[in-house]
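In what follows, chain A forms one complex with chain B and a second complex with chain C.
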Partner chain A sequence: MIQKKICMVGAFAVGKTSLVARFVESIFSEKYHTTVGVKISKKALHVGDQEWHLILWDLAGEDEFLQIRTSYLRGSAGYLLVVDGTRRATLDTAVSIQQRIVDTVGDIPFVVLFNKSDLTNEWEIANDAFEELSHKGWPWLKASAKTGAGVDEAFLTLIAKMPEG
Partner chain B sequence: MPDLPAPVQAYVYKYLLAPRTPAYLLVRQDGRLDACGGDLAMYGMTDVQPGSAIAQQVPVLAGLFPCDSTPLYIPCIETASGLFADFHIFPADGGAWVLLLDVTVDAAQRRLLQQKANEMVLLQEHYTTIFGRPLEQDVAHNPVRSVRGTMMTASLLAQTFAALDTVVMERMADGTFRFLGTVPAWFTRLYPEVAAQQEGLRPGDVFSFLENFLIDAEQFWQAQSPGQLKSGPWSEMEPAGREYALEASAMCLGPHQMLCIAFPKIEFAEQQSIVQKAREERLEHIQLHKEIQKKDVLLHCIVHDLGGPLASIISSLAFLEEEELTPDGKEFLDISLRQASRQQQLIRQILDVFAAEMGAIESFARDPAHAPDAARCAQEVVKALSPAGAAQDIKLQMASNVDLAADWQVIGEQSRLERVIFNLVENALRHSPSGSLVTVALEQAGADVLVAVDDQGAGVAPDVLGTLFEKFSQGKGQQGKAGLGLYFCRITVEHWGGAIGCTPRAAGGTRFWFRLPRPTLH
Partner chain C sequence: MSDTPTNGLPDTARPPQSPNGDGWGELRSLLVGPEQTQLDQLQARLDALRVYPEDVSQVLAEAIHLRSNQDKQLTNALLPSVEEALRASVQRNPRVLVDTLFPMMGPAIRKAITTALRSMLDSLNRSLEMSLSLRGLKWRWEALRTGKPFAEVVLLHILSYRVEQVFLIHKETGLLLQHVIAESVPGQDGEMISGMLTAIQDFMRDSFGGTEGESLDTVEYGDRTLWIEQGPQAILAGVVRGNAPRELKTVFQEALESMHFEMREAMGSFQGDASPFTAIRHHLEACLQEHFKAEETRQSARGVWLISAALLLALGVWGVSLIRAHQAHIQAHQRWTACLSTLREQPGTVVLTVEKRHGAYFLSGLLDPLVQEPLALPEVARMCAGVDVSRQWQTYYALHPTFVAERARRALDPPDTVALRLDDHGVLHATGMAPYQWILEAQKLARVIPGITQLQTEQLVAVDHPEQILARARATLTPPGTVTLRLDNGVLYGSGEAPHRWLVEARKRASTIPGIKWWREEQLVDTTLKALTVFKDEVEKYSLRFVKGTVRPDSGQETVPAHMSTAVRQLVDAANAVHYSVQIEVLGHTDKTGSVEENLRLAQGRAEYVIATLRNQGLTDIKLTAVGAGWRQPLQGEMTEEDRALNRRTSLKVILTDTLEEKG
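And now, the complex of A and B:
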């Protein structure tokens, strides 16, 4: 059994808690419920012939008043950098957070996850943003906590990048 | 507090008084309420009304009125809401002030201490009964008295924390922990096996969150730091699926290294509620902004479409000028052309502003190879608007001291820069009397170039001066104008890193000016 800590980070209201709820419990609520501090959940799953126990740290989102405590990422095997695809500014926040995480805990695996992919009419992320991420070597995916599309794939992509030891 | 400096008074109010939830009553000598304020609802006083007999609503005040001039202090009174308050009663003209300060937490601690003291008395009595001599007599001869005293204090502290729903653990030399005092019910309910363990605890194994926090806590304990180190709140899920919030803190009590885990239900809910409210409002604001942008785009499309046929109308009217028309026909044609051109101008202004707000002015030059020449732009504008000035008997000219051979390059984009100067000159012409002069001047101003348009008009009215460069701002007598020309100038100039303004001229009239930085070589 492999036990790993994974953190969810990003700007406020990008859907971190909803992604965890979708991944862990397969549920979704339209209502926005802000996270205070850290919310810890657990998820066991099989990847190949290995059993993984994930401890998911859902960190309170960042805004101009609250900055995430990057020290919370100590001991993490990886993190999902969540962006709201309908709010362009949340990508800038994610980039800023990523830099601070590198400064605090160094280079650990991460995946940029563009949430709310179901809201195509309100989508604000242009293709050049994805190209820029790819150019930087940042893995990214689109997902929707509402429909569930891409959510498991995002976690599995991150798991694939994490060392098993 | 005349002897206390204002910052000290402010501190006293903010940190000592305000957390005590002050509320007050002003009671007349006849026992009727004169005035009230503060957070009376906290104390269950929701229906106190001026004029009513106060003793009926606040029984503790019964029989106190009329009162003499001696201040009275009644501590720790349980109020209608269940909270405890200190009552401070002191004289006022024709009555007395009653000040209430919340002491609920103090009351709970006092009650616990009292209970412990009572238990001690009972213990002493039992001891005397059993052993036939007082406990103090044995303790006085016991070398471990001080240790026992310390343990008693620690135990009392742990009991206090338990009453406050807080788990108290002491870190042992081997890095494990042991519980002190009674483990709160919530912890026993959630972690019965851990609660039963008492010693050899490893809280990091129970709470993933604490594994992280203990890294900081170890440093805190090693440094024997004063005060406490708080973890910040975190939440876990009960097996039943309910979420509960916790907060840990590390502290040193003498040689003891303590770890507390609190169950801050109320504080957490309050914090959650405040952050939730702030963020919901922020999201609404973002959504509203998006809606406004969508409407702006729609408006832009409408205005753009309105401008399309206008170009054809003006062309057709221009062709009509070449026809043989009656004098009346010529006059009507002249009016039509003037009005159509005016409307075209309005539409252009609206589209300019829209383009600027939507970021179309993002593209501009900062390097000398592409930066526009302000003098050349000014010349073009003077040339284009001179006929319009002449039609109003206003002379438009470049200032005579402008050396056109000098370097007048500025950061910006040529067509937009011409538009800015055009708007300022057109504005000057509109406010200038017949027979006057409008002059466009340029000056080197350090790292900037200053462009000024001087007129000899009546000057800007003081009541519009502050909003002249705002959207839809209109001076007097400007019916039919969109009020966007100067606004466009401001947002464009500011976007290029410059500044814009207007000042009255000593010789009469107004100077509208803007300054832009020179381009730099990278």
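And now, the complex of A and C:
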């Protein structure tokens, strides 16, 4: 069994909590976000014959009043940079966050997760944005906390980018 | 030169000859040759830079000893190798190890089983104690009230402290390296808790500042405390319930140090695979310490038992005292009942009211004057001993026959000669003798004596009645028929004739007869004395005449002495018969002629002559006295010689004396 510390970061209300609530297990309540600023959850996965336990540090969403505590990323094996596909600004926030993470803990694996992929009508992220990310070498995925589409893939993608053991 | 070295150095110590035969070289060899050789050897060893086994073997034992005294690092360092060696030994030939361990296995197994059984027994005892005791019920109520399992509530109360969980957390990543949980403690996901704990530490550090070295080391929540020990690469966090001693921190620290020592490399290169840390799990398990309030519990239980025992004892003492008080009360009541019963049985005593006031008894009643204080009577006093009785008596007259008779006796005060008897009808019968006046007064008094209806005196003799007195006198004196008795105002008169003996007796006894004051006998004739007087007169008739101037009887007087003697004998015999003694004075007389002295001598001679004559006649047992009377008692005047002849004579005077009267 391999444990990995994974952080989930993103702007406020991008759906991190929904992703965690539906696809990971947690023993802590939501109020940790507003008190401690982070809530620990766990995502168990099997990759081949190897069991992975991703310890998810679900950091409180960032907005104009609150910045994420990048110190929480210390020791992380990777992170999910979550973006709300229906709000373009959240991508900018994600980029900003990523930069600060690099400044704080260096280059560690991450995956950009565009949440709310089921809301195609309200989608605000243009394709050129994806291209730009690809151009920067940032892996990205679309996912839906509502349907579950893309969620496991996101974690698997992140795992694939992390050194094993 | 001689072949023998002259400087005394051995050949081996001789410095090598200089190839060129240089003198300086030879001199240097001679001076520092041996030291040079040693320096060369040292240089060779330094050049080789090798640790020789021989050198290590010299200090190995001492080094191991020294390090073992310092810390456990040597043990920890050797442990993997020893384990590996053991593993290899078992794989190669298990029998070697089995044979070695065999002597230890039996005792070890027994000890393990004993420990397990004792633990189970302790647990069972505790469970039973908790279940059955008052405290157990209280805790069950607490469990019901709080919704906690009973076992948890029990544990909360009996635990001094207990380390419930221990986490070994990788410091950099916050990932869980090892996690141990005490038995029966509900476990949460250790991985998430480790993460959250790390997050909280980061949060504290970010929020309140501080350097890297500063860290959270204690979090208290309710009765739980989270103790955090920081290591260079890992954190040891223990959840402690209760109040753990500070020494436990040392246990945590030592465990953390040991784990760092053993897993330093693994911690440094940790990438998420915690499986290698299973090997140091025992260090964490060693931290799962617990301490029960066993002693305190026992003491508490002992205290409860002591209090219970004291309460029971107090209750017992109170009960006993209550029982004793009750028994004392019953005994007091029984004593009082017996006392009262005895009191009521006493004649002349009537108990009217009985009350009990403040533990003391108060009674009122009636008491006959003849009864003394009834509680002072021995029988009552014995029954009423220890009973506090106040009483108030009023006088009354008991009609019990005993009391009526006694009351009559006291009121009438009869003489000793009177006996009183009360019959069933209240009639008092008096018998015996009593003064007439007493009888009259008793008849008056009897009417007012309570309980007496009548005084019967018919059988009572009035000792002071004249007729009675006279009758009594007759009965006492038994006078002969010739005697008449008469009573006049207490004086008893006797008249008539009576023998001298009766008179003597009557004189003695008359005055002793009740009712008779005096005895008078002037009118009584002593018949005995009357008879003796005849004989006396006969004797006193005899007179013997003498010749003038001589003591020789005159002529014609020869028969007189014989007759005189016979008369005297008859008198003496009669007198003796009535206990009279006879004394006769023989008087000698003369005429007036001659001198007085001659006449007195002559008269004395004539009297003695008669006495001698009477003695000769056999009257030797009579007192005869000669008295010379001279001429003073002439028989008749001496007018003539014949007259003178008649005066020259002797006469007899008889004196009779009652011998009994003299003795009496």
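Quick note on the criterion: the second predicted complex is superposed on the first by the 153 of 165 C-alpha atoms of A that agree within 3 Å, B and C clash if a C-alpha of one lies under 4 Å from a C-alpha of the other, contacts with A are read in each partner's own complex, and residues count from 1 in each chain.
Following the convention adopted for this analysis, contacts are C-beta pairs under 8 Å (C-beta built on N, C-alpha and C of every residue); 3 or more make two chains touch, one makes a residue touch a chain.
All values reported here derive from a predicted model rather than from experimental measurement.
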Just chain B (first), just chain C (second), both, or neither: which does A:P163 touch? second
- request: State whether A:R69 touches chain B only (first), chain C only (second), both chains, or neither.
  value: both
Touching A:I55, do we find chain B (first), chain C (second), both, or neither? both
(request) Would you sort A:R87 into first (chain B), second (chain C), both or neither based on which partner it touches? (result) first
Scan A:Y79 for contacts with chain B and chain C and give back first, second, both or neither. neither
Inset, instruction - Once the structures are superposed on A, label A:K4 by its partner contacts, choosing first (chain B), second (chain C), both or neither. - result: second
### Task
Check the residue A:A13 against both partner chains and state whether it touches chain B (first), chain C (second), both, or neither.
first
With the two complexes superposed on chain A, say which partner A:V38 touches: chain B (first), chain C (second), both, or neither. both
Residue overlap on chain A between the chain B interface and the chain C interface 5, 32, 36-41, 55, 57, 69, 71-72, 74-75
In their shared complex, chain A is touched by residues of chain B numbered 207-209, 211-212, 215-216, 232-237, 243, 245, 247, 268, 271-272, 275-276, 278-280, 282-283, 286, 290
Within their complex, chain C touches chain A through residues 170-176, 188-189, 191-196, 198-200, 202-203, 205-206, 271-275
Touching chain C in the complex, chain A uses residues 1-5, 25-28, 32, 36-42, 53, 55, 57, 69, 71-72, 74-77, 163-165
Chain A contacts chain B in the complex at 5, 12-13, 32-41, 55, 57, 60-61, 63, 65-66, 69, 71-72, 74-75, 87, 122
